[in-house]
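The two complexes that follow have chain A in common; it is paired with chain B in the first and with chain C in the second.
Presenting the complex of A and B:
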């Protein structure tokens, strides 16, 4: 064996970065699926809208990059709210149909954005302190990737606080566990679903804003993230801790496989591995046994 | 006559006869080779929509990865046709392989020297893959949206794999065999009526077989497990086996469609594994009516037809229109246009039997639902 340890450690750190990107992309999806059981195929397009919101804020208002994050959140949350009100709320009891309807929404969003902004790529400027590299001892990592890791941690703590330490969170968890019972205790489940969907969409917007700096902004960029996000949620099984564990494992495995093979074949191996894992844990790693729908 | 004529078996067969006879007569009236070729391609889309209808409509298994079987079939046929134009002695290697640095034909290309063996593999490999993948998933009781996501993930895995294996598949450029398919010394010109009739014959026979399958006991069990898999399991049926079989049958039909696609287009690329294309197949079936085989075929004709013929005016906004239309269908007409027809006919038969309501309305909606055999 001729492999030295330093590059392997480096690839593990890189895996952490991949994991944080997938996790931040999947956070919104986790919340929406975990609470309402909605498979939101338009999630990738919400990410794309977040990126375009950041682009617009920067190009037309001159907003600095870090301020674009809350702007993306609000804009995409409102768009999510709109679709929840006009479409999704009629389909909560038909999970397969939400999947299809949101796919229709994603087609419309992609094409709508293409008609408004054109197919040419857009770029989002990042401040100077984010465009460099940071030395981590064994390897250099772009500071943007470190920002994404930090943002992921911040968002997870925020979501954890919201779900487990606030009154609103108690209501969300009550509706998740048993909608009828929660309703009979006076929780307005429809409003909870609505807020959760908007929150999930907003989180996709934040992810989109972060990715706008990482890669170019295109109307089709959503499709780069949607399959991985879904795999994170499906492998994790729904709860937040499941998504965290799943994305960490997927990111590390991807990076580990890429170390031995090329990156596309690593992706293929990863997908096959997930199929095998699901064979033995069909409801995901952390299936929420308390959920009854 | 009481009851809905939509569920009348004789009426359904009459619709079949009218539909297929009119499709079969097209080459007699229309000799433009390019139009015939395009209509034949529509026939392939019809096959794909029908296969989705079988899997999703009858079995309730939403498969977003039908492109796996379709793409495998298409690549298998492309490899067969490519090897037909190679000479075993002087140029055993397709040119893209030598430009990618291969010196020997890869082992899995060898069987494609034989046309029969190649076509057999093009159909068998996707079917066996679906049997394995289906068995893995369904035995673990992965179902509903989870299965849809897994099939989607599998599809995108294949997409990147085909794209990545440049020396073996020519990557993004795809394989474009120089000559049309030659079977038993006869060269099948993709623009000839013969090619049209081949596709038409396959569409006709496979649809009729699928309908007979729907009406058989097997079809009844599969429909039952669509409604309530737990209850079917308690009745002692092996649910996973039935799900795997209907999934594999549907994959086989998609593989046939893939083979025909390469015959007609003489080109195959990773686009056949594209996620959007696979979901478009689901849109065809959803719009036409997933519970109805012929409805799904008509859905494919309608959508692809309007894309080709209205496409010029709405080129920019086509996906916007398609997405909007699809959302409306899912929201208001979950059973598609065939479901709409069923509703209208039910209304008519109800008004004609209004004089004797207890008799005419004897069937509860649930009973009528259980009887639904799919046109």
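Presenting the complex of A and C:
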């Protein structure tokens, strides 16, 4: 390969890594928003809880890092289930109010975690083989970032299988398209929303577990991810394929712009680009024209 | 008696659509619900399914009070609903639409029933097609197939021939006749086409302004009655 092209190629690979981080952060939000229409402002805090779940599992039970992934999933899914039952389920017919309610939840969670664990950062240990770098020929990449890319692919395949190859998936898609007709054929839409919310929360938990190894664990870490997650969902328009496309586009452009300019200016350019996209496709790239309540 | 509705009122918000509505239905019958647009035919169907905002009064179906049940449990009692405008799931495949119908089956078996494929060969050959790509008549066939997958005791048909080209209307009429007369399935049919109604039904139910204004055997459906309550 021509030497001068190598850094550019490298930045594209880095873009893939950025994209996968944003996508894995946005997966739970995509599912919750795309299916139930709930704007979950507490999504960042679910990610944070996933990170703390991993920290606790490791610090108190000595769980190896890779086993923390399913633990984070289950713990945060149960927390999501709890909030769905006591709060969110009363708001399905008032999507805008879910925004305020879940924002309140996010404040509670941040403060609650701060009270229990304090404001000092926590660290999650990763095993030897994840702390090094892997040579990709043109560049080196940390093995943790490669794990995140792989994990994102695994989660997407899993979600795709669940949505398009199972009876549960038929029910989810039917409820999303036409809740009344789905109910007329025996689908309990309340239960579907409940399961979907728990699933989305659990996915945020997995993302949090991955991020706990990438950076320090703090009560406020959720806000680092929530903006990008929302941008991915809004730009994508709601469906899973939209989020995949949006995060790929955003990650690559971010990395591409960072190659020519500095990172802050790249972020600025990226946001401008998103505004332009939304100017012409206000409902997102893959707008969901489903019947909502 | 398969279904009995007694002094039922149905509301959307504060607007009352059905007023003190009562009727009874025997197994194997085909009842035709007649009336002008906007008198409450669709609301009658929707209140049987529990899709109106609020209802008062009782519905007894197959020996069970279903008036208070949520919609998804009513369908599991054996009610197959074919709504106005078909309302098939356009983004799901033909197969998925039919499978969805079988989610409401009492025995919990999920399948594309043989009856659906033998009645509608076009659907059988295009099971993987997106339902939204089907023509209007094909979508109506799919709506019927989806309701049949419930293994219903009764089919609710809300203007099944509305907006469908004439040769398909005859085909759908023939399918319904076969289901009712040969397989003994009970039908509640809301219909604008008086001819179709006369051909298919055993009984009729004339609605005006949310009330039953006349009912009886289909032979008793005189032209005067039709003129009085259906001519605009």
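One rule holds for everything that comes next: the second predicted complex is superposed on the first by the 286 of 293 C-alpha atoms of A that agree within 3 Å, B and C clash if a C-alpha of one lies under 4 Å from a C-alpha of the other, contacts with A are read in each partner's own complex, and residues count from 1 in each chain.
In this section, a residue touches a chain if its C-beta (ideal position, glycine included) is under 8 Å from a C-beta of that chain, and two chains touch if they have at least 3 such contacts.
Just so it is clear, the model here is predicted, and its values are computed rather than measured.
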| item | value |
| --- | --- |
| Touching partner for A:139 - first (chain B), second (chain C), both, neither | neither |
| Contacts of A:287 with chain B and chain C, given as first, second, both or neither | neither |
| Contacts of A:275 with chain B and chain C, given as first, second, both or neither | first |
| Contacts of A:170 with chain B and chain C, given as first, second, both or neither | second |
| Which of chain B and chain C A:180 touches, first, second, both or neither | second |
| Contacts of A:108 with chain B and chain C, given as first, second, both or neither | first |
| More chain A residues in contact [chain B versus chain C] | B |
| Chain B and chain C footprints on chain A, overlapping residues | none |
| Contacting residues of chain A [partner chain B, same complex] | 39, 87, 90-91, 94-97, 99-101, 103-108, 110-112, 114-115, 223, 227, 230-231, 234, 262, 264-265, 267-268, 271-272, 274-276, 278-280, 282 |
| Chain A residues within the chain C interface of the complex | 167, 170-171, 173-174, 177-178, 180-189, 290 |
| Chain B residues touching chain A - in the complex, by the definition given at the top | 62, 133, 136-137, 139-142, 144-146, 148-150, 152-154, 156-157, 160-161, 163-164, 275-276, 279, 282-283, 286, 316-320, 322-327, 330-331, 334 |
| Residues of chain C that touch chain A when the two form their complex | 49, 51, 70-73, 75-76, 81, 83, 87, 89-92, 96, 99-101, 103-105, 110, 146, 150 |
